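In structure tokens below, several structures.
Same chain, two partners: subunit A is paired with subunit B first, then with subunit C.
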Partner chain A sequence: MATRSTLPPLPSPSAPVPGGPGRKRRVNESVSTWRLTDRIGYLFMWAAGLLLCAIGIGIVLFMALKGLQYLRPSLLVSRPQADLDQSKSGGFLDPLLGTVILTIVGIVIATPLAVASATWVVEYGRPRWLGRAVESGIEIIAGTPDIVIAVFGLVLFQQGIFGWMSFTAQGGAVFGRSFLTAGSMMSLIALPMVFASTREGLQAIPSHVREASYALGKTKAATIRRVLLPSVRANISTGAALGMGRIAGDTAIVVVLLGASLQLDPQGDVPGLKTLKGTGGTLTSYVYNNSPAGEGNAPQKAYSAAFVLLLIVIALNFAVDLVARRGSAQGIETSRLGAAK
Partner chain B sequence: MLEQVRKPWTDRRAERSLGALACLVLLVILFMVVFVAIRAWPSFHANGLSWFGAKGNVDIQLDRMVNSGANPTKADYQLGAWPLIYATALTTGVAVILGLVFSLLSAIFIVEFAPESLRRLIVPIVRLLAAVPSVVYGLIGILVFVPLVGNHLITPGQKQSVQYVIQLSGGSLLVSSLILTIMITPIMIAFTVDGLYAIPRSWREGAVALGVNRWRAMWTVTVRAARPAILAGAVLATARALGEAIMISMVSGSKGFAPNPADGLTFLFEPLRTLAATVVENAESINAPAMRASLYAMALLLLFGGLVLSLGSWLIKQPLKKYGVRN
Partner chain C sequence: MIIEPEPMTTTGDRSDPRGAPLPPPVRRIRLDEPATIANAPVVGEGAAPGSSRMRRATLRTHGPERMTLEGLTVAYGDNTVVKGVSLTIRQGEVLALIGPSGCGKTTLLRTLNRLTELTPSARRGGIIRIDGHDIDELEVTALRRRVSMVFQQPNPFPMSIFDNVAYALREQGSKRPATRTLEPYVHEALQRAGLWEEIKDKLDHPALRLSGGQQQRLCIARALAARPEVLLMDEPCSALDPKSTQVIEDLILELREELAVVIVTHNLQQAYRVGDDVAFMYLGDLVEYGAAEQVFGAPRAERTRDYVRGAFG
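For the complex of A and B:
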């Protein structure tokens, strides 16, 4: 029985498709005719697929349940206080602001860098070895653990020339921890995603588009600026949204480079800059510190903050779909799972 | 000066500026290796090769480093990081092996066998699992699974059998590797699915025409041809698992202990702590010189692990280029 064709036959151009046009015809095969080992494998495969669904739905439902159970609007607008009594320890306004500030700082640094590198690699990339080295370099950064990036940031920004970015003690020792320094290192987390997405977009633009632009007398630089970059705008936003999701969800860099303090702790007296130069915490560090592993040990607060964090990250990740549907994004449709990398 | 910038850029200038920005990335990597290595040197210098060996209780050694103050003697640098290295290898290894099986089966399901309605559900779920921050996984782990394992799975007999060596509280190898598996599976699924889609469908049809069933055709033709993609995904997932700090530090029990396979089933319930988790947990006391050198030494080890794995995945992906798969 195993000799039966089990894939839907390709419709030949001359013969009419049986079942009428537009209907997918599938030869029904019975798994019961398979060999036992194949049937066991098939069973395991279904089990894996369903388990995956169950885990995903389970995590979302569990977090939603716990989050809605403990989340109060007042938690979102009150500042956290260090207090053993949970009714007095306030909400998580500061960590929420910290997440927003850090994400913005990180993506503002990462996007131009990543777009410039991707443009150079695709459009110029000469000498060849250097172009390839840059591409592998970005892959290496993508594979570097965030904790290593964090401790690297600490030693880098404790050098004297970066003193303006953070708090400098009386003796001239640079503290190295601030929103600016943490944001700079966070940009390395987001960089590979923006780079990959921009590169995909640029590579998907047919070469006749460039040739048409040259034929109209535009230089290569003008072509990049006026023709190529506008047409990969959707790709850049996709990558940026994914990168922002990654930044918002990262904890190690916050713990090491931002101080992971409860409240925002401004330095100096220039408005705006003083927050950026100061230390603080984000939702991730708030969750970490309020879990049994941290000092706070307030599971209810941790659950509600984690729920808010999860909502932010999910929103950023699925904003990608909106961008792809609206814009003329190149190469986004083909790699819908690419976001998982 | 400003006028110069506002004038239309010449090609040469555009190429140079963009190229300079791109090369900044290489500079960052170079700096990363150099700076971390310089700070790590005192620890390797004081310990030599025995840094990688087992030398008594790691937690006691780390405590001594914190207390050694600003001018540590050579004895304060003493560190045998074997339990941490072993724990890293153990959690990563278990997670990658489990994840490989799980992700391969799921990817085959997504590509070939899932009904359309289920596929529409499962693809967003994979992306969701990849997007969930590690601290959320850690929170669920420490508040749900650690107490579950500690109170219901570990029998009092098992607790007694090792009570003079280590306390079993639930934070364990079992919980850490299982959650780590869930965290790295989406990356592997993404790579595997891309790889499976890249293999021409006609190859599989050829196999079916020769008389094997769909499962066999998938398994013997498509999966075999997509092996480089699967391996590349596994390598990248290994890098992700190596560097996972926060989740592990929350659910592993956080003891500098090397679980002993000779303990039988209890082995799964023994606590541990990986290199990355050690760095993140001791980040507060990084100003003590002995501690700093040790933590940077651990970071250097992780950095080299990441570099080797990146190189590996690059090498593995070379054969894929001929099918036009870009990752």
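For the complex of A and C:
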């Protein structure tokens, strides 16, 4: 039986009286009434946010100052040459193209694999131990250092059956270094991000949406293809753009599996495929080689290339925001499904 | 257990010094009282808000049988939630399932188009027939096209209004029908769901931009597009405002001419307003099943009487 509380009311410290009928100004909560630890925590949150903001702006400003100092349009369109005289060593057209090609190869391989595995894990995932094993496997890939992936890839792609992917010497030794082999391993860098965002998108779709499709007499395949995957389109794009940023910024795989050469070095005669089969370099390897640590030792060009790389990655991040925002504008953001609660 | 307004002993300490309106009196729930029956909201003919509706004149002569349930039992693991229920679902009539939460209404409804099979632990006994055929012998997609369902939450798919309805018609075979051949069917379904006038100019707009009531009617249109024989509705109005609720109730009364409707509802007034037959379930048992007037006006079982008069639930 419910009884009324006989306890006296707890003292509430200096509770401000709610605004009377005549007052226009809204009375807000005052930090001065908080306890000390809460105030310290509040201060720390502000400080942490502002500090990271400052670091981000600092990096971009520093790279812009250094990079723009030496960046000329001619650098973007001229091919690099190996020359001690910096006025003759050219620009970084080839590394720029290398970054673009490698990113595309990597994401084209990663996205279908990631979407398919995420769909299987969420929509099927039976037997359960197998579903967990798939997720653990992807976590391991996500946690593996890129240099380990690179060395593993080199051993793998030097096997004879992968000879078509790279240059094969006369004795039959497979070189194992090309855009195809590097892109395949790069896809492992991007795959966990696409997988995670697709899985989260699918998990956010309420089960009654799936049931609504089944209740119309649809098969599971039709439900996945026509209802679930379109719902997570924005999630897939977000994951893919993040993954592309990771690929564009990776160095170890480029050095080990792409050759990190100054120029694109096609192999064979088939147009297009000869570039993919050949070695090359990217902006990251160009920056490394031209930094004081590398053999080129042209820091000015390294700064310019680094600034361009930074712009590419920032542009990809903005693309992520844009896709997410457009997704919500079209109402395909998953959280809006069945949102009339 | 009865709920009664607490007598207001002192009015002085309740009134606000600035003359603001008084808060509503606290309702107290007494658990230790015997289940005495409070003054019932009379729902007999001629008194309740829904009594003005057109009841079927030929209520005693039933429509053709569409589905029959014989000894239907459903269990999730060891927990039996529907116990030996036998019912008949007829075309041209609305069957309203009522009962307190957790009594198995929704499970019963979901069993009719075999949606319970999606729950791995669910097991089913008894026979369900549609037009004389055991539903287990039909292919599940074919069954679900004949027994369609509308859910509690409006759940349009993230595509255009047109595609939402057309989805019910597409993806049935290996060949995809052209949009132009689907158009008349989509228009007809939207008209039957009473949505056509509001959205005829924006068929290509995303369905998720519609209001909640419009979304629910779109879901009904989607369910109707496949031309089902039976329409299952799982508390279709519980997420909607009163006005949208009335629109959908009117729609149900129109639809029952062409198909059999089974509706699960928590709202007794709604069950009376739209139901021709009412089935009252309690803890998995079918306690009472009969014409709405009889179940609400002269219930045979004590439990039903208590429930329809608001004594528990």
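FYI, the second predicted complex is superposed on the first by the 276 of 341 C-alpha atoms of A that agree within 3 Å, B and C clash if a C-alpha of one lies under 4 Å from a C-alpha of the other, contacts with A are read in each partner's own complex, and residues count from 1 in each chain.
By our rule, a residue touches a chain if its C-beta (ideal position, glycine included) is under 8 Å from a C-beta of that chain, and two chains touch if they have at least 3 such contacts.
Here the structure is a predicted model, which is why all the values come from computation and not from measurement.
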item	value
Touched partner set for A:V60, first subunit B, second subunit C, both or neither	first
Touched partner set for A:V270, first subunit B, second subunit C, both or neither	neither
First, second, both or neither for A:A82, with subunit B first and subunit C second	neither
Partner chain in contact with A:G143 - subunit B first, subunit C second, else both or neither	first
Partner chain in contact with A:L43 - subunit B first, subunit C second, else both or neither	neither
Partner chain(s) touched by A:H208 [first = subunit B, second = subunit C, both, neither]	second
Partner chain in contact with A:T219 - subunit B first, subunit C second, else both or neither	both
Greater residue coverage of subunit A in the superposed arrangement, subunit B or subunit C	B
First, second, both or neither for A:T251, with subunit B first and subunit C second	first
First, second, both or neither for A:S117, with subunit B first and subunit C second	first
Footprint overlap on subunit A, comparing subunit B with subunit C	2, 219, 222, 336-341
Interface residues, subunit B side, partner subunit A - complex	8-11, 13-15, 17-19, 21-26, 28-29, 31-32, 35-36, 38-39, 102, 105-106, 108-110, 113-114, 118, 121-136, 138-140, 142-144, 182, 185-187, 189-191, 193-194, 204-205, 208-209, 211-217, 219, 236, 239-240, 242-246, 249-250, 254, 276, 279-280, 283, 286, 295-296, 299, 302-303, 306-307, 309-310, 313-314, 326-327
Residues of subunit C touching subunit A in the complex	18, 28-32, 113, 115, 118, 141-145, 148-149, 151-155, 157-159, 167-168, 170-172, 206-209, 212, 215, 219, 222-223, 226, 232, 239
Residues of subunit A defined as touching subunit B within the complex	2-3, 5-7, 10, 29, 33-34, 38, 41-42, 44-49, 51-53, 55-57, 59-60, 62-63, 112-113, 116-117, 119-121, 123-124, 126, 130, 133-134, 136-152, 154-156, 188, 191, 200, 203, 219-222, 224-225, 245, 248-252, 255-256, 284, 287-288, 291-293, 299, 302-303, 306, 309-310, 313-314, 316-318, 335-341
Complex interface listing, subunit A residues touching subunit C	1-2, 20-21, 206, 208-209, 211-219, 222, 226-227, 230-231, 330-332, 336-341
